[in-house]
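What follows is chain A paired twice: with chain B in the first complex and chain C in the second.
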Partner chain A sequence: MRPTLYDYVLSPSCYKARLMAALVGSELESVAVDFHPGGDHRKPEFLMLNPAGTLPVLTHGGLILTETTAMLVYLVRLAGRCEWLGGEDPASAARVQQWLAFSARLTASLGLARLHDMLGRPADIDAARWAGTLCLRELESALVENRLLGEDFLAGNAPTVADVACFPYVMLAPDGGVSLDPYPAIRAWTRRIRALPGFVEMPGIHRLHDLRPEPGEAEAAA
Partner chain B sequence: MTLPAAAIDEWYPVAMAPDRPLRPDQETTLLGERVRVLLDGQEPRVEANDGRNLPVIVRHGHVWTSLGAPKHDLFAIPEGEQPGRRLVECGAIRVRCSPLRAVENFLDIAHFPFVHTDILGSEPHTEVNRYEVRIREEVDEVWATKVTFYQPQAAKSAQGGITTEYMYRVPHPTCSVLYKTCPPRPGEWDIITLFVQPLEEDLCQVWPWMALFDDQTPQADLIQFQQMIFLQDRSILENQIPRLLPLDPGMEMPTRADLTSVAYRRWLKKRGYHYGAQLVAA
Partner chain C sequence: MASVCGTLEVAVWRSASGRVAAWVDRCPHRGMRLSHGFVRGEMLSCIYHGWRFDGAGRCRKIPAHPDLDPPETIRTQSLACLDAQGVIWIASEAPAVAPPDLGNVVPLRSLTFEAGIDAVAAMTGEVPDRSLLRLDAHGPVPPLVLLLQALGPGRSAVHALAAPTGTGALVAASRALEDFRRRTEAQGIAA
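So, the complex of A and B:
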């Protein structure tokens, strides 16, 4: 029996679970929840499943998960693809945890700006965008440092759950009025993620071959 | 700025009809003015910033209002009244673009294979067949008919690829109605509309609405299918330059793929509807 994802197609958090499953080659059953405009995630039947009233929810047998990062770890272990959990040495394991926690800041800033701009949810939009910008600056400098060490991903040389946790809200920052133009290292990182085998899209996030080249890229390669 | 009468004396959607969950006392914007949507019992009331009550029509799943005094009724969609149809309100999605750009994009089928890849279109089936576009003077609407297109998954209810036939209708400067082949019921048309609420000249809210023959697909799946399609357009709409829809005061040179767009622009000029447009010579 496959795990069941209570899903909303426009939610970057739901997409994290779909993307993780696709990258480790497993399949999910999907149950669409009318988040907008219905607000079904706040209705009693759904609150029985998840008292926090948040999406996504992942169920499998008797297991009910309501935290996205827990779902990513579960899907990876279930598929036996533990390389996605990162290295076992103390520093590597801690770096993965560091970025998993950081992903919550992305949700609260860039995610909130996107909800405001797209679905008209109330928010202090300037504060949300500024908090998001600070997150992006932090991410940019970390990625630059990683590249100096020859590392392509957040927690080392290979992609991990940390990359999957941080990628969607970063990639969709323009939906909330925050441009990625000032962050070349972030843009290069998102391209590496979109090029991974098994990568799937969500509305607003395209596969790599659909993308416009970076300025000068085609000319430089010729 | 003073708004042209063509824009003021027009109906616009501002909320979902009150049988859908409506937050009482919703604030929104129409043509740059703050308006409030209130509920008197089950009756929606719309109040302008200065406290005056605005005219209200509840139709096509939405609450419509006007800042002015429209001399015409809001357009009808008679096929939408047929018994057995599922009526699906999809909620509002906000887009940083001109309301006219949102309608023009909705009318453009040439983008299907590139923007809605593997859903509404796919490569190499990018050819747009010949179709007919005209302004129907007797009803003052733009119609595009005999539009056919190969689609991998034309609707949530479609199993596999089919050649879909479409008709596009523009009965209102910021609204379009699409009639398309209905996979489970040949001979009938599924109705998919785009109602656009102009917030500002370069900011709008779209309220997709559907009237479908489909008693299989859960409501949430129908809504999410439509939202997914629209979100694929949103990033493109937000990156269009210029933001406002250029209206050439002279003649525009049609290409086959965008005949509908040319007719739409010509019709807007004829009506003097310039909110969200810029007048430029090519």
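So, the complex of A and C:
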């Protein structure tokens, strides 16, 4: 039996679970939840599943997960692809945890700005954008340092759950009025993620165009 | 990528073989930002209707009319552009002088400051060595070359190059630049 994802296509958090599953080659059952405009995540039946009323929710057998980072770890272990959890030495393991926690700050800043701009969620938009900018500066600096050390991803030389947890809200920052133009190291990192085997898209996040066949030349390339 | 040259918005891109070009950031078709486009091989494709331009800015393919050889007059507006020492220099008119020789340095990183170029320039007066050495805890900082670029009122970019040195010193230099940015932006808020 496959895990079931209660899913909303425009939610970056739901996308994290879909992306993780795709990257480790697993499949999910998907139940679409009408987050907007239906507000089904606030309805009694949904609150029975997740009292917090947040998306996504992942269920598998009797297990109910409501925190996205926990889902990522679960999907990786379920697929036996533990290389996605990072190295086992204390520093490597801690670096992964550091970025998983950091991803919550991205959601609270860039994610809030995006909800404000796209769905009219009330917010102090300048404060949300500035908090997001500070997060992006932190991420940019870390990626610059990693590159100086010869590392391509957040927790070392291979992608981990940390990259999957941070990538979507960063990539969608422009939806909340925060440009990625000032961050060359972040842009290069998002390109590396978008080029990973198994990568899947969501509205607003695309595979690298450069790697796609030219329209009309698909047959020639195949 | 998107950049700025004076008051001009500019798209700068590098082809697969490494050739760099800078164009006014408007597609000759319907004015879409070319910096939103994508590079495949030696051509840049506009994201909107897929018109493809070669390194010289000439339109080579219009997907809606695959059999048409696009007329030579369909071109992007090119800027003068030079790739030297890891820095891409752009100018809206052919410049009279070559960019300065920066000496023996390697590119470190580029940062955007929420401060005008004059404010950044004023702060650099106190940058060289002494204030950067405040960060000795992270290791000694190598000599830096800072290139300042105005991005608009109250915004600028600092492109930093460093004398070749060990990784630890480069990391320290990167942190020193962040410290420099925090202090520069704080000055602006205080003013």
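Basically, the second predicted complex is superposed on the first by the 209 of 222 C-alpha atoms of A that agree within 3 Å, B and C clash if a C-alpha of one lies under 4 Å from a C-alpha of the other, contacts with A are read in each partner's own complex, and residues count from 1 in each chain.
Note that a residue touches a chain if its C-beta (ideal position, glycine included) is under 8 Å from a C-beta of that chain, and two chains touch if they have at least 3 such contacts.
Just so it is clear, the model here is predicted, and its values are computed rather than measured.
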Partner chain in contact with A:10 - chain B first, chain C second, else both or neither: first
Which superposed partner A:36 touches (first chain B, second chain C, both, neither): first
Which of chain B and chain C A:174 touches, first, second, both or neither: first
Contacts of A:149 with chain B and chain C, given as first, second, both or neither: second
Partner chain(s) touched by A:204 [first = chain B, second = chain C, both, neither]: first
Touched partner set for A:117, first chain B, second chain C, both or neither: first
Contacts of A:53 with chain B and chain C, given as first, second, both or neither: neither
Chain B/chain C common contact set on chain A: 210
Contact set on chain C toward chain A in their complex: 1-2, 38-40, 45, 47, 50, 63, 66, 109-112, 157, 167, 170-171, 174-175, 178
Chain C partner contacts - residues on chain A that touch it in the complex: 137, 141, 144-145, 148-149, 181-182, 184-185, 187, 208-210, 214-216
In the complex, chain A residues that touch chain B: 8-10, 32-34, 36-40, 117-120, 174-175, 177, 203-204, 210
Residue numbers on chain B that touch chain A, as the complex places them: 16, 20-21, 89-94, 96, 117, 205, 218-221, 223-225, 227-228, 231-232, 234-235, 238
